[in-house]
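The same chain A turns up in both complexes below, where it pairs with chain B and then with chain C.
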Partner chain A sequence: MKRILASRELLLLVAIGLLLGLISLRFPAFIAPSKLVDVFNDTSPLILLAIGQMIVILTKCIDLSVAANLALTGMVVSLINLAAPGLPITVILAVAIGFGALLGMFNGILVWKLAIPPIVVTLGTMTIFRGVIFLLTDGKWVNSHEMSDAFKAVPRTVIAGLPVLSWIAIAAVILFTVVMTRTSLGRAFYAAGGNPHAATYAGINVGRTQFWAFTISGALAGLTGYLWVSRFAVAYVDVAGGFELTVVAACVIGGVSIMGGIGSVPGALLGALFLGIIANALPVVNISPFWQMAISGGAIIIAVVLNAQANRTPGRIILKRAEHAT
Partner chain B sequence: MSTASHFVPDRLQTPLERRLKSWESLLMLVAIGIFIANSFASPYFLNAWNLSDATFNFTEKAMIAFAMALLIISGEIDLSVAAIIALASTAMGAAVQVGVGTPGLVLIGLSVGLLCGAFNGILVTGLGLPSIVVTIGTMSLFRGISFIILGDQAYRGYPSDFAFFGQGYVWWVISFEFVLFAIIAAIYAVILHMTNFGRAVYAIGNNATGALFSGIRVARVKFIVFLMTGLMSGVAAVCLTSRLGSTRPSIAFGWELEIVTMVVLGGVSILGGSGSIPGVVIAAFVMGLVTFGLGLLNVPGIVMSIVIGALLISVIALPRLWAMWRPR
Partner chain C sequence: MKRRTITSLAAGLGLAAGLMSSTAMAQDNMRIALVVKALGIGFFEAAAEGAEEAAAELGNVEIIYTGPTDTTAEGQIEVVNSLIAQGVDAIAISANDPDALVPALKRAMDRGITVISWDSGVAEGGRQMHLNPSSTELIGNTIIKLAADHMPDGGDVAILSATATATNQNAWIEAAEGFLPNYEGVNLVATVYGDDLSDKSYREAQGLMASYPDLKAIIAPTTVGILASCQAVTDAGKIGEINVTGLGLPSEMAGCVDSGATKSFAIWNPIDLGYSATMLAHAIANGAEAASGAEIPMGRMGSVTLDDTNSAAMSDPFTYDSSNIDQFKSIF
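Our next item is the complex of A and B:
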């Protein structure tokens, strides 16, 4: 199993290398270090969200409300900034993470305590969160000139050659790699999704583990919400509309199994980078941005097929199914 | 776990008392309640033409919801239905530009729907992939193709007799769409409740392995249900395109959520194995009445979507909360 995972990420790394090589044949400027830094920075929000989504999918759940959570939290911190421009940024950051986590907990509690299927819960909260933004603002935008300079500066400040946005993504990758591989909570996420019955007998509360997965996903979505609105210096109802599908796509491409229990932080990172490179390369190679939706859809399907081939056990699949069904 | 999802569907005739307590009659009460509340809330509600207009809020979605009900009962789901509408509508729009007539347009719309359904069905049943991810993928693939073809443009210029499907009336205030809705509801009720095929759908949803060992061709039944869902999306695409008279790639955006809500509200278990077509019919009326009533009160569309989202969650949550707190 470990070997399959390792080769899976290696495969993706090779694919990304080939992709970059192909683009640089026609447009050598694309792989200049400064351009690559741009691409990474541009992909950072996707990386943050993909890590949270990966943890949720590991536990056999799915979180379709991440983009709506991002938009709602982004709007809430923008409104706070509008009302109290002098508030220090650390408070804003804490509010963003805390509020996002609360929204995630709402999903988590419905899945844990009421055992409602996660797809139903998050389809519902997805529309509710976006609707609440409308109720808060009456559909109005919070524009650049209404945000304080300190509020807008954070993701763009350059430290040691990289913008803060990129550094936050790197920090999240390191933090969650440690959490997933070196803590009992990380192991619980794998166990809860890989084999819920065995996990229960091993003393892991599967529902509570799923609750924490949703909370982490929500907290990361909230953090990304602040970074998103401050980077683009605008907040409105449809911020990041439909982005939840890109996030799921990044995970699936990164080798995260939708059946739970299989996936890794480096995988999610590479999956996000793959999509980020494509999104940034399209305008360079002169393809209309309208192609992006179809390309990520095609990428999801191809990745799912590849995942299924890699994880297929030869022989009596029928009985394997029966095991899952009970 | 609720007992409903494991209920054996082929039970004997239930006594009147139990039938009155069923989900469908509960839903019927809700529908009547909303109807009365609406007629008090707005003086414009009780008007034959207004009520006829209100049916357009749900007829197209309900056509897909019937097929989706079978799909969810069999334990699968299709989130790409709205994207199929977009692709089928785009194909019809492209055909208009080269001068295809109304019969050809209908044929193209239905065939694109069928093909998309077959594509989903092959991926799910042929390759054994989970339908949630597959249809999330095809959802952006199908709508993505529409975006590639149309970009920020729109197709117009549909022939005038094409308008009948979405704008025509059969008799007085009874629209063609409403008649089609009723016929499709009847067909699906017969398929699900009176044929071997319908019984197989329940069996697969309750225990796919058991169904396989009792001689049901699970993969084939599921594939056919995916085909039916695709075909219904094609039918809805014809009606919607005819009603709007134009095609944009964002057509029917977000409908998959409302359709799944309609099915779940109709008492179909999201885990598969139980549900009924009459339930979905009543749920369609409930959602249509709520949207129409809120519309008359000038509530903006996005607020209605909060109501729909909350409805979806509470419909599943309330029975479970009730079961948790009920004194034993």
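Our next item is the complex of A and C:
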């Protein structure tokens, strides 16, 4: 199991290397360290969201409301900043994570207590969240000159050569690698999606596990919401429109099985980086915008085909005699 | 008792006479209704300001600034019906729907009310003329000129548009390319598409800066694109080297103009638009013919010539820079 995962991630790493080589043929400056740092930084929001999405998908669910959650939380913190420019950034960060988590919990409760299919729940909340932004603002924008300087400075402050935005992504990767591999909650995510019945017999409450998955995804989306609006210095209804599909695509490319139970944080990270590199390279390699869409789509199809081949490992029969007996 | 009846009768007559004379006086005042998409929108408040300016210039004109509370065609139909009942002389409307308002406006025209549309048009049957804020040609020329104005020695410019299939933007860009030969030394190196998404526009702007190190200006004829480019140029520390320009709203662009990333940008001026619409409504109500090919004066804005759909373009988009941004950023 572990070997297959490792080789799969190795495969993706090789693909990323090939991709970078291919791009550098047309635009050599792309693989300069400073440009790669830029690319990583630009991909950080996608990495954060992909980690949350991966955990949700592990539990056999899907969260289509991440981009809308990002937009709503981004707007809420922007409005707070507009009303109280002096509020310390730590409070803004806490509000962003907390509010995002609340929105995630709302998804989670509906999935857990009312047992509504996650795709329906999050499709609904996706529209609701965007609608709420419209209600809050009447469709007006919060613009850069209305945001305080401290509010805008956080993601671009450079510490030890990397912007804070990148450091947050790195911290999230480390934190969730530990959570997924070293805690009982992390193992519960795998169990709940890998085999819900077995998980129930093992004493894991599948519904509650899914609830926590949505909460984590929501919290990460909220955090990303603040980082997004402060980085681009603008908040409006359509912020990150359609981004939820990019996030799901990053997970799929990263080897997360849409059937649940299979996936890893490094996989999600590499999947996000793969798409991030394509998104950053396409503007400089001079390809028609119509081809750009086709190329992004092609990458996803190839990943899904690879995924289908790397099927889940068949369950092992541990009590052979008992099986024959029945 | 009898006496009292006579007195009250006299008083009543006097009152009636007074009423009649005041109605007669009101008839001297031409009443022009400026109907907007919804009340409380800065853009339209500014247009009303322009209408008042025109009224003051014309004299004997009373402006009725009105509209529904939300941007619906139903709300506007109610407003138009009540204006017909009030017997106004002219209606100048920015419509929420080109077709839904036609029957109500036709009824108004049947009652002898002059009807024109401005900003957002009504189908031909429902108005005597339509005033566009600008035209494809004028916008195309303006966006190139905005960049050229700040690069006396010429140089490379790039266009960052919305989606590759956006009808408006593509028409403007095509027109801009047509005017390019008029600006010597200005070299359009690329046209890229940010899909009106901040993140994609930002990346495309970064890509332009990486691909064309000598780039002097980014022209973005879309509000999301111009803001994202401005942020990308600011983050790259290239303020002063690269001028971000195009079409944007003053309230959104104030930060970019303050930081110097944007030297100037353009969009139609709502004050001029309200002013021109009022002038045109006044001229037509006073007998100017609204037929294709007709030239109708509109005060300080010059005059317009109607095309074969009875539409006309007001002027070049209005240029905003550090000298007037503070005045307009609170308007729209």
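The criterion applied here is as follows: the second predicted complex is superposed on the first by the 304 of 326 C-alpha atoms of A that agree within 3 Å, B and C clash if a C-alpha of one lies under 4 Å from a C-alpha of the other, contacts with A are read in each partner's own complex, and residues count from 1 in each chain.
By definition in this document, a residue touches a chain if its C-beta (ideal position, glycine included) is under 8 Å from a C-beta of that chain, and two chains touch if they have at least 3 such contacts.
Keep in mind that this is a model prediction, so the values were computed, not measured.
**Student:** Check whether A:G131 is in contact with chain B, with chain C, with both or with neither, and answer first, second, both or neither.
**Tutor:** A:G131: touches chain B, not chain C.
**Student:** For chain A, which side has the bigger count of touched residues, chain B or chain C?
**Tutor:** Counted on chain A, the partner with more touching residues turns out to be B.
**Student:** Regarding the shared-chain residue A:A240, is it in contact with chain B (first), chain C (second), both, or neither?
**Tutor:** Touch status of A:A240: second partner only.
**Student:** For A:V252, is the partner it touches chain B (first), chain C (second), both, or none of the two (neither)?
**Tutor:** first
**Student:** For A:A150 in the superposed arrangement: first (chain B), second (chain C), both or neither?
**Tutor:** neither
**Student:** Tell me the contact category for A:F290 with respect to chain B and chain C: first, second, both or neither.
**Tutor:** So A:F290 meets both chain B and chain C here.
**Student:** Touching A:L162 in the superposition: chain B (first), chain C (second), both, neither?
**Tutor:** Once the two structures are laid over each other on A, A:L162 reaches no partner at all.
**Student:** In the overlaid three-chain picture, which partner chain does A:I170 touch, first (chain B) or second (chain C), both, or neither?
**Tutor:** neither
**Student:** Quick check on the superposed pair: does A:K35 touch chain B, chain C, both, or neither? Answer first, second, both or neither.
**Tutor:** Second partner only, chain C.
**Student:** Please write out, lowest number first, the residues of chain A touched by both chain B and chain C across the two complexes.
**Tutor:** Touching chain B in the first complex and chain C in the second, residues 288, 290 of chain A appear in both lists.
**Student:** Flag every residue of chain A that touches chain C in the complex, lowest number first.
**Tutor:** 27, 29-30, 35, 38, 42, 45, 141, 143-146, 156, 228, 231-234, 238-243, 279-280, 282-284, 286, 288-290
**Student:** What part of chain A is in contact with chain B in the complex they form?
**Tutor:** 62, 110, 114-117, 119-121, 123-128, 130-132, 134-135, 139, 237, 245, 248-249, 252, 258-259, 288, 290-298, 300-301, 304-305, 308, 317-318, 321-322, 325
**Student:** Where on chain C does chain A make contact in their complex?
**Tutor:** 163-164, 190, 192-193, 196-200, 202-204, 206-208, 210-211, 227-228, 231, 235, 251-256, 258, 329
**Student:** Going by the contact rule set out above, which residues of chain B touch chain A in the complex?
**Tutor:** 1, 77, 123, 127-130, 132-134, 136-145, 147-148, 151, 207-209, 212, 254, 257, 260, 264, 270-271, 300, 302-303, 305-306, 308-310, 312-313, 316-317, 320-321
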